[in-house]
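By letter and in written order, the chains are A, B, C, D, E and F; residue numbering begins at 1 in each of them.
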Amino acid sequence: MHLTDLRWPDVAALPKSTPVVFPVAALEQHGHHLPLYTDSFLLGEIVRRTEARLRDRVLFAPLQWLGNSDHHIDFPGTISAPPRLYLDLLIGLAENFLRHGFQRLVFLNGHGGNDVPGRQVVFELRQRYRTRKDLLLLFATYWNLGSEPSPGFQQSEMGHACEWETSMILRLAPHLVGNHQEAKPVSPTVSFHPAARGWITRDRSEVGHIGMPHAATAEKGEILFERFAGDATRFLEQVLAWDGASWA
Amino acid sequence: MHLTDLRWPDVAALPKSTPVVFPVAALEQHGHHLPLYTDSFLLGEIVRRTEARLRDRVLFAPLQWLGNSDHHIDFPGTISAPPRLYLDLLIGLAENFLRHGFQRLVFLNGHGGNDVPGRQVVFELRQRYRTRKDLLLLFATYWNLGSEPSPGFQQSEMGHACEWETSMILRLAPHLVGNHQEAKPVSPTVSFHPAARGWITRDRSEVGHIGMPHAATAEKGEILFERFAGDATRFLEQVLAWDGASWA
Amino acid sequence: MHLTDLRWPDVAALPKSTPVVFPVAALEQHGHHLPLYTDSFLLGEIVRRTEARLRDRVLFAPLQWLGNSDHHIDFPGTISAPPRLYLDLLIGLAENFLRHGFQRLVFLNGHGGNDVPGRQVVFELRQRYRTRKDLLLLFATYWNLGSEPSPGFQQSEMGHACEWETSMILRLAPHLVGNHQEAKPVSPTVSFHPAARGWITRDRSEVGHIGMPHAATAEKGEILFERFAGDATRFLEQVLAWDGASWA
Amino acid sequence: MHLTDLRWPDVAALPKSTPVVFPVAALEQHGHHLPLYTDSFLLGEIVRRTEARLRDRVLFAPLQWLGNSDHHIDFPGTISAPPRLYLDLLIGLAENFLRHGFQRLVFLNGHGGNDVPGRQVVFELRQRYRTRKDLLLLFATYWNLGSEPSPGFQQSEMGHACEWETSMILRLAPHLVGNHQEAKPVSPTVSFHPAARGWITRDRSEVGHIGMPHAATAEKGEILFERFAGDATRFLEQVLAWDGASWA
Amino acid sequence: MHLTDLRWPDVAALPKSTPVVFPVAALEQHGHHLPLYTDSFLLGEIVRRTEARLRDRVLFAPLQWLGNSDHHIDFPGTISAPPRLYLDLLIGLAENFLRHGFQRLVFLNGHGGNDVPGRQVVFELRQRYRTRKDLLLLFATYWNLGSEPSPGFQQSEMGHACEWETSMILRLAPHLVGNHQEAKPVSPTVSFHPAARGWITRDRSEVGHIGMPHAATAEKGEILFERFAGDATRFLEQVLAWDGASWA
Amino acid sequence: MHLTDLRWPDVAALPKSTPVVFPVAALEQHGHHLPLYTDSFLLGEIVRRTEARLRDRVLFAPLQWLGNSDHHIDFPGTISAPPRLYLDLLIGLAENFLRHGFQRLVFLNGHGGNDVPGRQVVFELRQRYRTRKDLLLLFATYWNLGSEPSPGFQQSEMGHACEWETSMILRLAPHLVGNHQEAKPVSPTVSFHPAARGWITRDRSEVGHIGMPHAATAEKGEILFERFAGDATRFLEQVLAWDGASWA
């Protein structure tokens, strides 16, 4: 169910064990061929398909499109929350539900740059509410939730405005996709892995994309949407099945 | 035009004099009869009608639904940015466009609680970018933009989940409206006016609404939408007509 | 009565319903003809006249002359609290009295630039002390408290170092007034009203004043002092008459 | 000369080598027998006598009565800036003059609790403006500026609402002094000296004073005022005599 | 080489391409059988062995033992930097070298709780110094640097006061190890993986350890030290070999 | 005893009256002839000698080498916590022990630049924990603890990389000392004393030292170490002897 459509007495009447999902994405440059809202369009579609399967068992907050995108601010049109503001913004999303006793809070993420701050935030929230013994605080990025990529894809991991994202926008809103066929591949490889390296997008790509947008098709997009919506659904089923106490 | 649909080279190609509009609203309790997303639904519709008239002359960022709603946090379901976070969040919305030289930035607001922080923010932004001589930084709340209320309304000013808001939701999404006919009037009068008084919603209303929701009709809603979309359009025409330099 | 002259056991013995007034003004450029302390001189005189009428029924803290004046910092001599510091400073003024149970706290303001931050502060304070049910937190600017301007004035609203302020300084300290007769009128009109527009003083006036200082006389100053002291007195009588509970 | 009375062109015309003095004091409990504004009354008188000797050679800002007094907040009537706010407030006082090129900034202090934060602030300011080579940034507490105490005093160092302060208020405003003759001596000795020990006033005195108020007389007050005004004058003469470059 | 032993002209004379390593660890509870300084003892030994191999080719700052350990603060003896302070502390470590033009900065980490904040910090630093084109900013945790675990170990990943850490302390300082043989295994499994879950240590272990301390031996400790020192050396060789420009 | 070597149950078992000592120093330029870690080397040796005398009666945290050294950041190799971060860092050191009921917390300092922030911190901590009646919060710099300097020294107070510090490093690690015999004396005199003056090191010394390093000998170093270790021991004996309640 969608928080947007409920009235406050509806929320007051929900079991406190109802999972509350906060979809978080971004509005940032996506190369020459994809729209700025790409991450939010995609997560929105995954949420739509997931919500259709879980219905009243899970509460979805509206998508927060303002993300941690300072690495993209050299490109016009990007709107970013600076890093510390983004931490506080995520905390702010959760606090009302924590105040009113909700126990299972899940950030469902659709932007790579949100991943580290999201992990920082679930850590901070647990410390802040450390006397609570009933809390399940999770941060998950949709493309990491587990199922294997299908054969036929050229990329084996998520890039940026890449084969995967371009395919999904081609499926969702093809009129918003520019000439992706001639976009040159940009390696998603990050040197010094598994060490973390600080970067801005211009370090890696003048055009803005990372990966292989030329390989995108709408058919691949549908495959990915189904895979990711399935992953998100299974993940939230697991949240629903939590016994309310165990750690491991 | 909608920022969500553009690619970054599109934004780079826009004249720097293009007005950029940031719609800001809220997600907060709206009494027993209106949905939590009311402010955002309404502003979204006003933006939709306004954009349809101005098209490529004005750039609209996506609506930011996270608002300054701490006065409502005693009611479950409200999601609020704490006051200082809200100031920083608004500043964050504007900064990328200021960085890239845009000159006319307009916050278009649909939540009363955002009004004072919005005024604070345009003040702060002007100080921070004080060496710029080409800036027009505006914060405007849609129901204050000027035209006179039509006859036939019981309220002469905006309340909260009131005759006006309920009418507009009845027009936009009647299936989301609860039993408003029996909602008791709550006076919008604020004592000690014109002094500003600090308040939380529970000071004024146990149920959550302020005003006269019983008087709402979908017909009134249509009248209000047209009035407010007209006001917003005229206001943005004025922004377009600005000569780029004058103050008065 | 004046807080400066009391001892702490005197304050401890006061009824908690005693209104506590915090006069807040500024020290900032006032054009070529008025002294930097103008706002504080004027508010100080209004407080003097008001206190003389209310005596022990109301407690006046000393005037805080450090104001929110960053829009004037391009002019030497201005001393300003940066915007966020000013918010915290106002909060700091109120906290001791809140800690000790006082219920009626009033910021009485004499500087236009303090108005928005003052409104922000009474909002923030009410949120922070949200469990209190006995609080009246007010912020009021003296020239907005209500009575009509007398005939014979050229300005109908407050400017800056204008007909009104110059008249009052002429009444209070004529030796501090420079050649105001030849000061050119600067329109107080703010374009895009009722939208809020971010500004610095240099946007509007190279010299520093806004309004019509040439029209000032000491006689007008006396009229204004009496009007404003009367307004402030009536306002504080209303605070005294509050029943301790009602909102509207 | 007094900043309050100048106009901004007067300040613009001053030599940048003019010393600018920021008197800083407090408003806080001073036992059962002295008024809350004691520190500010006393520093105000010392400034008055000092300014009368130095005239146009030194610029005095108005006294800032809001001090670092959290150790006294258990006593009603105290108004304190919390510790970090106080640091920022002092920085805010200095910044406009630094922005406009003034070179000799002096905080002249009349409250013991301001001493450590004042030292922190001149350190921080020097770091922040580290590229300037012409700066003299000083923080001085009036009773530490050097001349020896006269014979006949029972205290050899400053206390709080003590022989010294009570004597000076007796000289300045005897009608504000309560029954000091029967106030019991409270030792000013601080154990573990010269280590710094964190304290609140209630650790040391239930009544609020520290020292020997019973020994106060107006005659002693006059002696102290002259001594301290002389010290301050000599100190500022030294500031005036600085060659603009040397450290030692 | 060790920064502690150099004089500032030595640092000034180093090539700006010299890698600067900041070892960061923690001081926090390590169950009933290991000392509070465990993480710092272990990283110190790994640094010692690594420095012995790289000598003057790499500059090692002294180990910062204050870590991000708020999840352990329910256990006495833990000293933790709160989360935001820890972010600022890491930034503070790097800034002097960035100011003086050093190009290759590496945080070498020995505490799991530092991992997410460390990633956040290299992100933030890159944004802050975004105009630099010569920067390599890395954060690496020693047990993730790559080589495969040897056969014979019961754990395949790092725990806390576990088989691995206990083995290394047995090798380094056996007199500091308590009765680990009877410590019960605590599963290192974290449910909902790969989602991040917020936790405090008491959620997972009353005693404080996570993993299988009973399986520890000094021989295993030596194997681990060599493996990790080898990993760190290879990693820093890679940093040395960086061409100064490339990303992938 | 050393906190590093204890396990958390050991700390839990300590009497809450056990003094906890936090040694704090710095890593910063020490002229052309002394190593960057000088302050930390010296304090470390003083702690070693002091701990050897007090054993299990006092708990020593490990030395925090990151200090308040922004005045030295123009010299490469200095690592400094910016001023506000340093305040928070010291507070962070103390908090866990305050949380678990320890009553006697002592910062033992070995860097002049830490003195003012350390005083600020014990003030702030006492305010924050103002309801505690059993606290002894102290900040002490080792060379100020009291005993008289021996005859034969040219300096009578601490400088920087001076006769005293150079002597002690000559005693502790002579291989790290450069050519100090030819270092020119730099006056430690600070003009305008006893007023506090903001400074950066370059104001006072291009080379970096302050004082008379040429007069240093290892013999003097041993004398100083014994004097300072004796002072620290006596000071901590006084802390041990505190009755748990008295102020004076």
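Worth pointing out:
Here is the rule we use: a contact is a pair of C-beta atoms (placed from the backbone, for glycine too) under 8 Å apart; a residue touches a chain by one contact, two chains touch by 3 or more.
Just so it is clear, the model here is predicted, and its values are computed rather than measured.
Chains that count as touching both chain A and chain B, per the definition above, do not exist in this structure. Matched by residue number, over half of the contacts between the chains of C-D recur in the interface of A-B, chosen from A-B, B-C or A-E.
Between chain C and chain F the centroid-to-centroid distance comes to 48 Å (mean Cα coordinates, whole Å). Put simply, the C-alpha centre of chain A and that of chain D have 56 angstrom between them. Shared interface positions of chain D, i.e. residues touching 2 or more other chains, are not present.
Taken as a contact graph, with one node per protein chain and an edge wherever two chains touch, the assembly forms a single closed ring in which every chain touches exactly two others. Beginning with chain D and heading toward chain F, the contact ring passes through the chains as D, F, E, A, B, C.
Within the complex, the chain E residues that touch chain F are 3-12, 27, 29-37, 40-41, 61-62, 64-66, 73, 75-82, 85, 88-89, 92-93, 95-97, 99-100, 176, 178, 208.
On chain A, the positions that touch chain E within their shared complex are 70-71, 74, 83-84, 87, 106, 116-120, 122-127, 130, 135-140, 144-146, 187, 189-192, 194-200, 203-204, 235, 238-239, 242, 246-248.
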